[in-house]
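Two complexes, one shared chain (chain A), two partners (chain B, chain C).
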Partner chain A sequence: MNTVALEFNLGWLMAFIQMLLFVVMAPLLLGWIKRVKCHMQNRAAPSVLQPYRDLAKLLRKQTVIADRASWIFRSTPYIVFGTTVLTAAIVPLVALDLPTAAIADVIVLVGFFALARFFTALAGMDIGTAFGGMGSSREMMIGALAEPVMLMAVFTLAMSASTTNLSEAVTYTLESGLVLRSSFIFAALGLMMVAVAEAGRVPVDNPATHLELTMVHEAMILEYSGRHLALIEWAGFLKLMIYMVLISNIFFPWGIATELTAEALAIGVAAIAAKLALLGVVLVVWETVMAKMRLFRVPQFLGFAFLLSLLGMLTRVVLETGG
Partner chain B sequence: MSPLILAYLALVSALASGILALGADRYPNLLRYGSSILLGLSGLAAIVAGGWALIDETPTIDQLALGLPWLKWHLRIDPLSGFFTSIVGLLVFAISLFAPGYLREYTRHDRKQSLAALGLFTGLFIFGMYMVLLADDAFVFMISWELMSVSSYFLVSYQHLNAANRRAAFLYLLMAHIGGLAILLGFGVLAGFSGSFTFEAMRATELAPVWASIAFALAFFGFGMKAGMVPLHAWLPEAHPVAPSHISALMSGVMLKVALYGLIRFTYDLIGDIQWQWGLVMLIIGSASTLLGVLYALLRNNLKRLLAYSSIENVGIIFSGLGLSMIFIGTDHEVLGVLGLIAALYHILSHALFKGLLFLGAGAIAHATHEYDLNNMGGLIKRMPQTAVFFLIGCLAISGLPPLNGFVSEWLTFQAALQAPALESGVLRSIIPVSAAVLALSAVLAATCFVKVYGVAFLGVARSRRVSHAQEVDIGMRLSMGLLAVLCVLFGIFPSTVISLIDAVPMMLLGQGPPSAAVHGWLWLTPISPKVASYSAPLVFVAVIVVALVSYGLLHARAVKIRRGYPWDCGFGSLNARMQYTGTAFSMPIQRIFAPVWDLKEDIEETKNAKQPLRTEGIRHQLQALDKSWSRLYEPIGNLVLTTARQVSRIQTGSIHTYLAYSFFTLILLLWVVT
Partner chain C sequence: MELAQLSLYDQAVLLFAAAILFTSFIMLAQARIVPMIHTFAWQGALLAVTTALVAYVTEHPHLYISAGMTFLLKALLIPWMLHRLAVRLKIHREMEILSYPSMTLLAGAALVVFSYYVAIPIVQLSALLTRNTIAISIAVVLLGMLLMIVRNKAISQVIGFMSIENGLFYSAVVSTYGMPMVVELGIAFDVLVAAILFGVFFFQMRDSIDSLDVDRLNRLKEADESVLRSPEKLP
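Showing the complex of A and B:
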């Protein structure tokens, strides 16, 4: 009885630590991506700690908001940050079978992203400037096309593993060993394309620009400053990291800790760090060779991703019936 | 005392409220207060009666010595009708709070329409809906169904001075009767084989598969038309919005549900032996309704019309759930069939709540501003702060966002769809995931649609004078919206508790409840088993709030005052209300992507400066996105009917001799046929 209770508490403690790790490490991942990108494009690179400095600066600065802003505008950063952190809590980062994984499954995860997007879009329209409305309209369009792709990709996995619980699904991939499944390849490709679109990276959106013709996410949050902006930026870092962790742990889960021993956890941390660093390099190469797309090219890009995911799912249900 | 007695109380008070309103033309307060109190009582009685029948699980039966001499009226309340009675009761109670404030507008001295008519037909309409739910023989069912349709026709045509409303009302009556005819024929098939009009006898009769399919097809056509399925839906967004807003809430929120009740009663209970092909048809039509409904809604700028289109989408989601359930039952996966049915029932409940809320919200806006057009609104969150909160909850719920009730039902539908690998047929296994994809796409489009509604109507700056002077509505209207909003949140946070109540319905229809929906207590929702999927709405709700509060607390440890300033205007001088994104602008990207769905008519007018022809003084842009079902289905059929009528009219010469000759030859012909 006592050991069960202890294990239970240990599980919650680990889940909490993992969530903190997620939140703290997200800016580092972005720093790494920026640094590699600069090296690749022959530019002088900032330190990997630069995102932390940016956040610290924003948190110190005074917050200025428009005189006509309503409470939606003021509460959105907290709602967005809160849901994103909670999303991070249900994604297995270094260890499996943590109690938080049962709170919400992968459909809820997609729902959280939708909730955050809903409020960000509302905040964009709250001030009543043309920029905000434009950003919201575009973001909702991209979201509308990206979310079904993401659901299709995770449904492929969910049907194979016959569960929508992330932790269980990862366990399934681990146990079935290294099998080349065509459905998984399609789903992984689809999910990667969605990740690029949803995290607002090139070629769908460019996080480094403030040009009205190309802005999507930046246009929505143009009116934010100070600590509000810091929270929204941080949530953006987290979102990118969540997608990268999802891709690496669902499709390449090897190394993740299946039991709560110090050794397994250490391996788990090292494995995920290596996977994310590698995936970051892949993203940088992708962003360097691609050019930003015209807005109305994006539906074609996401339509292709949708086709891939659908193909993955149909391959799964029609061809791979064996279990 | 039994649930049925309470249901009688609900019936009688609904009828009494209608009769009381007869004096309303003389004393308007009779309608505003007297009728409303009786409606409130009726709603409460219905909620309790329905809830009781749901918990009690044994049907209560009664016969009334009314109607035909050889056929008494059979009435019955069981878990299925109890569930729907509670939903109707909830909405009736909500509108009874809403009506006194809302009707003040209608009781002005220079009014042109009769108040007595409004009150009488409201009472009869609600009475008719209750009666449909309680009917236990086809005769009572059809009479109540017609009562419901005809009295709602008078409510749709209430503001009849506007020609467009009269046209909408006529279309509504026409479609209601075509649908009613199909339902009547469907009952005819069942009654023909069972030899009796009572549901009891129909239930006991086994039909040959062909006849069962014919009966299902007729019922599906009739009930589906009333529920607004694609492609027969075009009458719905015409008719529902033109009634007064609290009636629109009833029509979209619960009358559609009564049609769905009819369908569930007809297939699951009366026919009983479900074939998977029916489910497939329903799933396909449901998916089409979901996608087209939301796309049509997205391009509407009239708030009530947009809400009516969104009802088509939600009926599509419910059809998808029922379709999945029927496919699973037809292929002997009863447990999964239960899951699909629960998903559909949950969405029926959710949609009644949030659609009722949103229509009441639209009514409140119309009451305060006299505006229905989104592009004239803006900034209402400051003028009507409480309505804004309730409306936001409605928008979140209808967009299927966690942790509200709309999300629970969509989650359950997805879970049912994900069980497709259990099926043997490869075709079904691949169609179900595609329908899930359509459902996912529609859910996000719905979110886009309601970001547009909320962003354009409540946020930003007022776009017209009337809107900038809007006043918050009175306490009764706020209470009714608040009640529905709180229920949306509660039914989103405690799904397991709700499901353990609802599962009496599949228990009655299919003989089993869900495998383990609420086994792990109120905290966890695990429709199949905890290993397959679990969702804890209470924990999610608490966790989001805790994280948001903690981050707020940490950031405000150091007191830094927020400075208010002008929004960024690119240095061009002050921004005005016309620079904001409008509803049309907001949905433009979607309109471009899905362009083939609508008949688009774009009209751009440029006014040039007379002296300098290169200088443009102003541009007017107008976009009409017409429903394709008009040009592809309704108009051809209408034209066909007209042409045929014209051809037939040729035999009418106007001379009595010809007509006598017609009679004579017909007589001869008939005599020849008989011999």
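Showing the complex of A and C:
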């Protein structure tokens, strides 16, 4: 009885630590991506710790709020940050079979992202500036196109693993070993394209620009300052990390800890760090090669992503079922 | 039959089937001429690899010859000829205007579902390792037809036609492990001759109507002129 209780607590403790690890490591991942990108483009690179410094600076600064702002504007940073942290809690980062994994499945994850997007869009329109509304409308267009792609990719996975629970799905891929699944390849490619669109990375949106014509996410949060801006930016880092962890752990789960021993956990941490670093380099290469798209070409981009996940689903049905 | 129980080579056959289907979709979405020709070459190369894999897995050595021939003809020679034609006709930098690009892709996906539905009875009767890919081969044929239907430019239609032939060859490989050698050779040379004839035809077409847009072939020259002249005839 005692050991069962101990294991139970250990599981919750691990889940909590994993969530903290997510929150703390997200800026580091972005710092790494920025650094590699600078090296790639022959620019002087900032330290990998730069995002932490930026966040610390923003947290210290005064928060200015427009006098017309309603409670939506004030509460949105906390809602966005909160839902993103909750999403991070259900994604297996280092270890599988944690108690948080049983609470929610991947559809809830998509729902959490939608909730955060909904409130960001509302906050963008709340102040009544032109940029905010423009950014909100663009973000909702991208969101409406990206969500079906993500769900389709997830359903492809769920059909193979016969579950929508992330932890169980990862266990399934781990146990079946190296199987050449065309459906997984298509779904992974589709999910990568969605991740690029949703995290506001280069061909769809440029996180480093404040040019009126092109910005999407930045336009919505233009009125935020101080700790509110820090929370929203942090949530953005987290979102990118969640997508990258999803891609690396669902499609290349090898190395993730299946039991809660110190050795397995150490291997798990090393494996996910290596996978994220590698995926970050892939993202940087992709962003360096691609040019920023016109907004009206984004539906085409996401339409192609939808085709990829649809093909994943179709090949799953056609090729990978027994006759 | 679970996928994980198959050997890695069998899984590779299925993977390449999916890749061939994917190249068909890329051709459907591609508006530029030269990348389209390159995709067609990739489809030929993938077809050759699949044929070689099927030859290895099912121990049919004569399929190696088909694979080699496919590679030479469909991945190298015909794409090279088409590319040279495009350069000589000075259309290699042109972009075709696609009407309803996303609708076309969705129609393509619907065609895949349709061919899956059509192939179910065949799949249930068959005991071949490659039986699941029969639906894919039918889909490649239908996607080639769709490509011919939605495009206006003659050169895209020719690529569509060639990819129909790819689909037919593929279905022969996966459903009966290849046609008799004589038939295969005959078809291969037919396709080659067709490619040459199409080249001649392109030049004729450009000389007489100044365009490679086949929609213009619908219009009669005299009818157009009479429409132009008709106001003068009115009293």
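Everything that follows uses one rule, which is that the second predicted complex is superposed on the first by the 321 of 323 C-alpha atoms of A that agree within 3 Å, B and C clash if a C-alpha of one lies under 4 Å from a C-alpha of the other, contacts with A are read in each partner's own complex, and residues count from 1 in each chain.
Everything below uses one rule, namely that a residue touches a chain if its C-beta (ideal position, glycine included) is under 8 Å from a C-beta of that chain, and two chains touch if they have at least 3 such contacts.
None of the values given here were measured: they were computed from a predicted structure.
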Quiz prompt | Touching partner for A:Leu307 - first (chain B), second (chain C), both, neither | solution = second
Quiz prompt | Partner chain(s) touched by A:Leu29 [first = chain B, second = chain C, both, neither] | solution = neither
Exercise. Check whether A:Pro299 is in contact with chain B, with chain C, with both or with neither, and answer first, second, both or neither.
Key: both
Practice problem: Pick one for A:Val317: touches chain B only (first), chain C only (second), both, or neither. | Solution: both
Quiz item: Among the partners chain B and chain C, which is in contact with a greater number of residues of chain A?
Solution: B
Practice problem: Using the touch definition from the top, say if A:Phe118 reaches chain B (first), chain C (second), both or neither. | Solution: first
Practice problem: Look at A:Ala188 in the shared chain and tell me whether it touches chain B only, chain C only, both, or neither; answer first, second, both or neither. | Solution: neither
Self-check item: Which of chain B and chain C A:Leu180 touches, first, second, both or neither
Solution: second
Self-check item: Common interface positions of chain A, toward chain B and toward chain C
Solution: 299, 310, 314, 317-318, 321
Self-check item: Residue ranges of chain B touching chain A (in the complex, touch as defined)
Solution: 378-379, 381-382, 392, 396, 399-402, 407, 411, 414-415, 418, 420-421, 426, 429-430, 433-434, 436-437, 440-441, 443-445, 447-448, 451-452, 454-456, 459-461, 524, 530-536, 539-540, 543-549, 551-552, 555, 560-569, 575, 577, 579-581, 585-590, 592-593
Quiz prompt | Interfacial residue positions of chain A with respect to chain C in the complex | solution = 176-183, 185-186, 299-300, 303-304, 307, 310-311, 314-315, 317-323
Practice problem: Using the touch rule from the top, collect the residues of chain C that touch chain A in their complex. | Solution: 1-4, 8, 11-12, 14-15, 17-19, 21-22, 25, 29, 101-102, 105, 109, 112-113, 116, 123-124, 126, 131-133, 135-136
Quiz item: If you look only at chain A, which of its residues touch chain B in the complex?
Solution: 59, 62-72, 75, 78-79, 81-83, 85-86, 89, 102-105, 107-108, 111-112, 114-115, 117-118, 121-122, 124-134, 136-138, 140-141, 143-145, 147-148, 151-152, 155, 158-159, 162-165, 168, 222-223, 226-227, 231, 295-296, 299, 306, 310, 313-314, 317-318, 321
